[in-house]
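Both complexes shown next keep chain A, but they swap its partner, so chain B is in the first and chain C is in the second.
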Partner chain A sequence: MNKKVLGLVPLAIFILLSVFLYQGLFGNPREIQTGRLGHNMPAFSLPDLMDEKKTWTDKELQGEVYLLNVWGTWCPTCLAELGYLTELKEKGVKIVGLYYDQAYDPDFGDKFDVVALREEVNNMLSRAGNPYAFNILDLNRSLALDLGVSGAPETFLVNKEGKILVHHTGDMNTRVWRAKFAPAIQELTP
Partner chain B sequence: MIPEIGYFALVLAMALSLLLCIFPLWGAYSGNLRLMRAAPSLALGQCLFVIFSFCILIYITLTDDFTVSYVAQNSSSTLPWYYKVTSTWGGHEGAILLWLVMQSTWTALVAMMSKSLPWVLRARVLGVLGFLGVGFMLYTLWMSSPFERLLPYYPVEGRDLNPLLQDPGMIIHPPLLYMGYVGLSVSFAFAIAALMTGKLDNTWAKWSRPWTMAAWAFLSLGITIGSWWAYSELGWGGWWFWDPVENASLMPWLVATALLHSLSVTEKRGVFKSWTVLLAITAFSLCLLGTFIVRSGIIVSVHAFATDPDRGLYILAFLALVVGGSLTLYALRVSEVKSEGRYQFASREVSLWLNNIFLVVAMLIVLLGTLLPMIHKELGLGAISIGVPFFNKMFSILIVPFALLLGIGPMLRWKQNKLNTLFPKWTINVVLAIIITAAWLFGGYDHVAPLTFMGTALAVWIFLATATDLLQKVASQATIPEGIKRLGLSYWAMVLGHIGLGFVIAGVTLTSAYSVERSVSMKPGEIATLNEYEYRFEGVNVISGPNYSGHAGEVTVLKEGKKVVLLHAEKRRYNVGMQFMTEAAIDDGFFRDLYLALGEELNNGAWALRIYHKPYVRWMWLGGLLISFAGFIVLADKRYRRSSRTRSSEAVA
Partner chain C sequence: MKKFIFCLGLFVSAANTYAIEDKYHFDSAEREQMFKELTHELRCPKCQNQNIADSDAVVAKDLRDKVLTLVHEGKSKDEVIDYMIDRYGYFVHYQPPVTPLTILLWVLPGLIVALGFGFIVVRQRKSAQVQPWTDADESKLAELIAKYEQREQQ
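Now for the complex of A and B:
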């Protein structure tokens, strides 16, 4: 190849890369495209984390605006956001926890110890704050899968009709609340 | 008032950088020696004002001035004084100010130590550094000032330094990393100046080499200490996560390593010139790209940095200007470059060329793995995630030819070789490496995976090849002491660097293959066994530090009934932010680490504990240290430095 043309190759690669970087800057990387945004909560019937006799279904959650917060004791970012979520709860926001266990994998025949988990959860919540009205235990990650959850923490805003208005991946903080959740909630309350 | 003085000092420094950018470049263009001569004093002045400004930030942090937003965010009155100093670079704004300190210090050093350079080149190098200085200072003053006030309402107490950063490793890791990162701007400036002058001869490589070596040595040390810090502080026993932020420092390191090798070829043989220039530009471009990735929030990282699209946009614009501009200059000039030397396939030139190919491919793998998830999404192909397995797999493939080459290359001579004298030595080394590895692994472990065997054998091969070459060079002289004396420090540095890589490969391979861990819940007096060690849980003490309280689990480690060590693993709660931190207890050893992390208290008086047995984990950092010291040793080599001073001509265009 001609040396002059060859000399242009690095520049061309760089320009191409810059275009992507520029787009990436304005496309929010945390906004993972979820097919569920704007749709209804998937149907589910799952046990309560603290009381296996109690079962929660999507029907029961309807009629109230709430946040669904996907979390786990194994996740340091979840621990970090507990304080802020508790503040939100004190302001009157209803927060439902979706407990997402990372370690347990039924495909590998792992043993699951719900008693130990409850202890762990109680410990963590009593120290760092408990923002949850209750926790749903999604052991097989079926609801999480339907929601398009890719990790923890993730938070969904659901309206009275059970429609998902906001999906946020990453920790919840003042900035995120003001930027993403507060405007959506304001639209709900005329 | 005092924070404002700090800000004002930065404004003055910025004004001086602006002059540093304009005067010498203009002078070099128009042949005005007086303008060019202004460069060194401007560089020095800029440096003094930046350092003054940084001292003020340290002062207001030490005096708990919480009217300043940065201090309120990153420090607190209960923080020990040394961590207060650390907090000045623990947050985004302060880290950028530290970057400026490094940048202007490198610039001042170049100004002082480049007296032997022709004025045209000296002026252009300093002018380019001045331009970079303007870019970063404008960024600091405009959107990232650490001196911003929180008046009239300010907190009575700061939010404390992130507990993760309250560790000795964190005191030295960022400054070292930045030294390296920013130091690569000097190699960049030399490359651009050479392109501007249009003289891409081997003298350029000579001048650039010591600076590149210094930057590279700091970068190596910074990365090594960063890895060690992650291991000892994060409490999960890991040492590399392939996180975008880690990748951001690995990419420039890989290219800088290639650059060091190709600079030597350019200097000694006059070939690879345009390639070497491109590497110098790429190395620094990757530093800027890394900064962009880390500071813009474009990619999700486990490291929580203050991210802000406006800041990201500024860095991207600066990146486009610097990299786009320099690659345009490169495209314009590269066709004029002619190679002088001739060489055949079996030569050191070719082996170093291959070395460069491997290192650049490694960088591209990291770059691809880091950016692909974002590009994939932007192309509308949906979200994907590229995880640790991708990087591990690619690197384990790439390291095989690289390590083999590393054992062969140093024995080759420039231009051409008759291979038939070298083949027997290589064959013997290969056979020996396999025998030693087999004895080592099958003697010590029940299970040996093929990849583990391969990795270990490669490390042994590097040790053997390096030793063979060393012995041969010493034996070629009349007496052994004379033989040792004849080998310059640069040669010893190469030996050290290559052995260091051997240690890294062996450490990574063995610790990945043979690390074991156990999660247990124990009551005081109970014993858990892992490998040949018994861990007896003695109980938990309440501890309290200057700004935290918590629990310490005491575990006695026994081997064959004899006490080895008493481990003391802490779980701290930091008072201000109410954050929990694990301080793992580590009994380090040359052949194995015993690593213990304290978990939660369980209801029945038992505690959750995690025990790790990590063989050879220290070899990685030992290797990293050897590699960095190799760089510093080269700098101590008078011959190496003198080469940059030989041509003292006051040639003015």
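Now for the complex of A and C:
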């Protein structure tokens, strides 16, 4: 009897290993638990993309549930998700854009032409739909770094108190909305 | 030979360009060393199998700049690592912390080795036990040998 049980041990190890590795096949390595989840929005003070006189701060954004969508005109996936985000906006979701400039680097003496960028942004939004209540320009990507953003597009769900509930890396679509965002929002509404 | 020297020259000059590209200014050798260690230990969140010293991703450059600023501010190595973990999660550091889950990675291999050794020792002991060997066994053996020898001769 004992011998029989012992003989099954390699089989058990094999099955466990197979299950573990099989699961790994469907894992998404881009799905990273970032540090800011469950914390408040980091403090920031950044200009509006369309109007440099207007400055947005973390305090000003409090009081409403909103999505913070990190995007840029250089990013094809961002263009692809604009349609779906616009649908969400029409359903009443507030979406704030965080404009993530791809490669602006003052160390290399880069000149930044905000007028050209605005034109580019307006162009893209008029073609693909404009889901944004407004856009915050994060030229140095400092807020992006504070948020643990590794690229675009990324989307955060922030509650009334400014707490980050969801951090999604990659495009927004129905599936992601149902799986990650809708449950979190449902928990909010009493 | 000339070709060889030419190639050697190419190598040497290439090494120089690399070194120049890499230049940052530091107040002390310790800080420079710390910056080097940090950029090799921190992982790029975008290109996941590269450290931030190695990667050309925008975010890697931003993280390098941030590490540089923090090092200049006189932050300790642990403080810089904590700063990054606060933002990018444990993922960003190549040395994962010991948690109830990751402790398995340390304990399991040791456990398996110990079990294996235990198994060998037990088997050795069993086989090393003196078997009872009687005269009857001896005569039976002699009989069998004789039988097989006979068969071979045939």
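By our rule, the second predicted complex is superposed on the first by the 162 of 190 C-alpha atoms of A that agree within 3 Å, B and C clash if a C-alpha of one lies under 4 Å from a C-alpha of the other, contacts with A are read in each partner's own complex, and residues count from 1 in each chain.
One rule holds in what follows: a contact is a pair of C-beta atoms (placed from the backbone, for glycine too) under 8 Å apart; a residue touches a chain by one contact, two chains touch by 3 or more.
Being a predicted model, the structure only gives us computed values, none of them experimental.
Set against each other, chain B and chain C touch different numbers of residues in chain A, with B touching more.
Applying the stated contact rule after C-alpha superposition, one finds that A:18 touches chain B and leaves chain C untouched. In the superposed model, A:80 lies in contact with chain B only, and not with chain C. In the superposed model, A:98 lies in contact with neither chain B nor chain C. In the superposition on chain A, A:145 contacts chain C only, with no contact to chain B. Counting contacts by the rule stated earlier, residues 29, 32-33, 150 of chain A appear in both its interface with chain B and its interface with chain C. Residues 3-4, 6-8, 10-11, 14-15, 17-18, 20-27, 29-30, 32-33, 79-80, 83, 116, 119-120, 123-124, 127-128, 150, 169-171 of chain A are the ones that touch chain B when the two sit in their complex. Those residues of chain A that touch chain C in the shared complex are 29, 32-36, 102-103, 105, 107, 141, 144-151. Contact residues on chain B toward chain A in their complex (touch as defined above): 274, 278, 281-282, 285, 292, 296-300, 304, 309, 312-313, 316, 319-320, 323-324, 327-328, 330-335, 371, 374-375, 377-378, 382-383, 385, 521, 573, 578-580, 600-603, 608. Chain contact summary for the complex, chain C toward chain A: residues 45-46, 48, 57-59, 61-63, 65-66, 85-91.
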